[in-house]
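As written, the chain order gives the labels A, B, C and D, with residue 1 at the start of each chain.
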């Protein structure tokens, strides 16, 4: 019974999103080509799935650090740099698998660098990750002559991880990595404790440094997956001026919403569901020719604000319920 | 967040002094270094370079000065860039519509009003809806990005402009002087309100411990709003100063200001957590360091692809010195 | 003392910068005893225990644990070797399960290849809870479900096990209500009987005298002397111990001496039929020159009353009146001349990362500000005045508060309101974790305030303090007033206790 | 036939230069420092241009400083230019027309010359002609392809399409278009109209008809963002895309994403690398036309600036600065691609450049007294794929 309720609650969001977008698109003649509604075409399913996979990977990477109390600014830069290196390796060797492995290796290495800078530099996380971001971005101009990667995604043999069904492999690895770390490893558990009371955690003997190291290794793995998907779908050009944070922010909305939707189940599911929902929204907007440009941005903004506001209030509601429960218990 | 000043440092021995002022020393050292490089490589066109630096840094300095209030509360605003963009576009539109000096005045006032409104929004809504302030500013970022895009779409071009003669004295000397005057004026004003009035003392208090500040009788919400509005005013002014330069604006106008300001303040030794250690000088020192650095690297003829790398390294070195937290758990 | 020496400390020195916390201490702790450690704040009692239990390292000196040289690097190591410590401040982790709290540091014991089995963890945790006879706490629950009391108990469960040989209780009881304390007392006596060694630190003299088998007094990082049970039972024991602690004659003038409960006619603060949170229809009139005390267990609602009177609580019904004007928030309260000293000093009353001066002037800034200008000199003078009148031990107004000892911190939070010249003062546990010397001066100050016609709401968990200071004591229980007591010479804690429980 | 004449003219030019060489021997040019402000910081054009310029530096006694401009932020551009001036340049070659008013003001102040390449300076040309083109410090620009006022790209596109249909076993009969907004590339809108008209004409006389979806402003105008996949749902049944907008970055990725790259042929402008794998008869055969301007067209602004620096000028130098069209490499067959892949644009190797340093020196007024503006200008009309093929 409870399970069913939870599942329903969880699926509510994308279902709602679908219904709304369907209604809107159906009522706009922009979305009809010779009489049939393009919103309801196979293309939609494919696009939503493909984009959702990408979003999930990045969102999980961000969330993994965020739930441990660290906002990692460098995730985007890490992904782009890994993507460029992996892409070029892939192009030279002609092997997508090798590209994937490279992506993971590089991105883990970069994550470890970020972690090391944080641990040994003892600089507040935001500042140190901004430093890392600037460094990684600058490296994108130095590797492979600053040419980025162009031909990777367009070489069918290489870009298997950017299309259905190949894209599911990296995505599943990413999700698995997240779940294993957070729910099954000792370090994941310790991370939860540290994030809730850093000092106490350290006092009762958790090695903070090792813990951060571990969490960043897993973040690296997930980002590696994101990188290989990214390079399998886009031309990747060098970035500068923290523009990678923009790339990262474009995937962050599902994180916020995931936290909220996850309340009904667990955060991973929440994020996946949120990603799917968001992509349905995006696809709908594309049908209305609002995909790129101002309107979409504004809608995004409203989403961020709305969801945060709502979950903020939700916190109070839960607290109230808890208090009432306690009182009943006391009585 | 901030390191314990233990009694040892109270005895004014020289090493203790160093220990206490390591932030400032490092920050000023950075500035000195870039300045020396500037003098060396500025070469024949030193005078020209000086005014180039002045013009480039002016808007950033002004906005950064305003940002000091926000950062001292431990908050940051990621929407500045897009705000600047939209304000610039609006100002030009209004000037073109109304025309003449009147247009300039109206344009500025309109933008100022809007900026203050956004400030109020940033401050108040975050409190009312119990949101982390970063979220409201994220929202504003998305919103203004969209607005800027739509506004430019409506014009059907990627750049609209007004003759700069409307905005500033045609004579370079006068123009530069005007810039200096504005910067000094803003710097003095901000220093006054930050050091010698309730505003600064309260914002720092909020940054250091909001509850305790509130229980000392500070209407935190109101002062947050005021702080953000002060920031807004500086953004509006900064936008105008930026416009003085080019007289034109487009889709990308203002891009990167938010991040630049953050980097500048960090370079200037501002603790992102806010609190009592926040200081106005960080805006001036940081921005000048940053702008001079860029100028140096070009005049030194550093390869285009290397410039960012060098900048990154310098940034990392400086933060490792200025932002290092000794002892205790790792800073969040 | 025939029983074996469990821990021996030889010539232990500990310096924080220039301040010398321990100056060559020698002390032995024996099996089968409950050793009380008393001394003013900064006398070094916590420093010793924290070094023994691996929280920090000594500057010099050596330790022996059951004959072997002993220097643990972490609390965990010490705990594994059988030395555990519970601290005063809450040390549990919110939003985690009870089990996670108990085994936080020790997941690896339940994991293979770094993969942990929460099932095993929960089972083990539940077993421990049951062994302690607190089965009402379920291991798998989120700790947020449990109150302060239970969390403390969980902490104790976390650090005490069968192979614990030395158990350090560092001011834990101040945070516990009576039932909590009793569980703890039972535990330490059980351990004593099992021939283990308990080190018990507390500010509550009566508690020390009741529970401890032996007593060691420290002052300024040195051992002043030891008392055995017999000496502790001597009639003048309390005076003697206080003398040893303070190093000078405290005299009888500890609490208020007069029994004049009269007060001026004007009502300074009126709580009119307040309903908020779990509290229903609470009313109270506080007059000028009156001290009203609030007593009860920590969870009885008295703290909430204090917050409400300062406008910090959201009221369902009723209103707080001052000079006929309604107080709806704390800014108004302050401008109406109400001051509030929070129980939670470090988080609510003081800005730790700010100078003494900045803290003291904060509430008075509006007064100091003339046409937006606040003269630095005016600030400095105001700060200096308070620092002098309270004799705050510091290098000057620019020293940071987080470098002060508990007592001096509390002086600063008093200074805020005297500087502001507030006429109504709401004090929530003003002497919590403050040593006798400072306590005495504060009691004197409070008495002085009464004379000046200030109105005082004194909320305290120490009955002796209330009996010693208040004109009228309101005892609360389960968010209701359970009794009222007038000030009188023969008023005793036993009179009060019946209303408390 | 056309080919022949072109090559003849070119041959004559080269001869003229060879002669010039002799006469010009000995004239030692002044040292000059020139700033080059690119429109992007990476990519073939940038690499090739740098390689080309560096190869000239010795013969022309000139050193180069590089920076990059943005397409959207005037203030940033002015800052970049000011930094160049700070670096002590005598002239600046820009590839972006944004904030030009302020930029030219800087140049006038500092006595630095400004000229353009790969850029039509349309906004300045149409709106601020007096301010920019009449300034004595603005020397002119070499457009990236045709000027908006003499656009031919529509014709080119159709001819490429027909060439393809001629050789393909399955000719294209239904195409859609994609362009950049008019404010950025006015010539593309014109080109699109041109193309539609040409097709209409063609259909009158030929079978099977070619169907062209008409331009949907909401969908087919790319705001410098990738086309979105609904494009293919909305242009159902197309077998070709005529993308006046740079297709490799903005159209092709979407085609791949939507999995239509095997079934739809792409005729587009620009070349960014990677196309060669799927060009003509190779790979998925998606690309059937790419167009780029030779990086050597930078010779035009370069020579004009160097003349000024050396205080000489062409006898036939026009009064006010001009913007001149450049011919483009129109790559629409395997042979073309092959030729292109041996050009400096692709290899980034100065040895593959169309002009040797000596030849360039001979285009300058100080390197060769007989050099003329007309000759220089004429060069830019002879940088076609045919010229390469030789």
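Here is the rule we go by: a contact is a pair of C-beta atoms (placed from the backbone, for glycine too) under 8 Å apart; a residue touches a chain by one contact, two chains touch by 3 or more.
Source: prediction; values computed, not measured.
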item: Other chains in touch with both chain A and chain D; value: B
item: Centre-of-Cα separation between chain C and chain B, whole angstrom; value: 44
item: Intercentroid distance (Cα basis), chain D paired with chain B, Å; value: 39
item: Chain C and chain D: spacing of chain centres that average the CA atoms, whole Å; value: 78
item: Residues of chain B touching at least two other chains; value: 1, 256, 304-305
item: Interface hub residues of chain D, defined as touching at least two other chains; value: 41
item: Contacts with two or more other chains, residues of chain A listed in rising order; value: 141, 146, 240, 293
item: Interchain contacts, given as pairs of chains that touch; value: A-B, A-C, A-D, B-C, B-D
item: In the complex with chain B, residue positions of chain D that touch it; value: 41, 65-68, 70-76, 78-79, 82-88, 98-99, 101-102, 105, 109-110, 123, 181-184
item: Of all residues in chain A, those that touch chain B in their complex; value: 69-70, 117-119, 121-128, 130-131, 134-135, 137-139, 141-142, 146, 198-199, 202, 208-209, 212, 240-242, 245, 249, 293-298, 300-302, 304-305, 308-309, 312-313, 315-316
item: Complex contacts: residues of chain B adjacent to chain C; value: 1-2, 4-8, 10-11, 193, 196-198, 201-202, 204-205, 208-209, 211-219, 275-277
item: For the chain D and chain A complex, residues of the former touching the latter; value: 41-43, 47, 218-219, 223, 225-226, 228-230, 232-234, 236, 248-249, 252-253, 256-259, 261, 272-274, 277-278, 283-284
item: Chain A-touching residues of chain B, taken from the complex the two chains share; value: 1, 129-132, 135-136, 138-143, 145-150, 153, 256, 259-260, 262-263, 266, 272-273, 304-306, 308-313, 315-316, 319-320, 323-326, 328-332
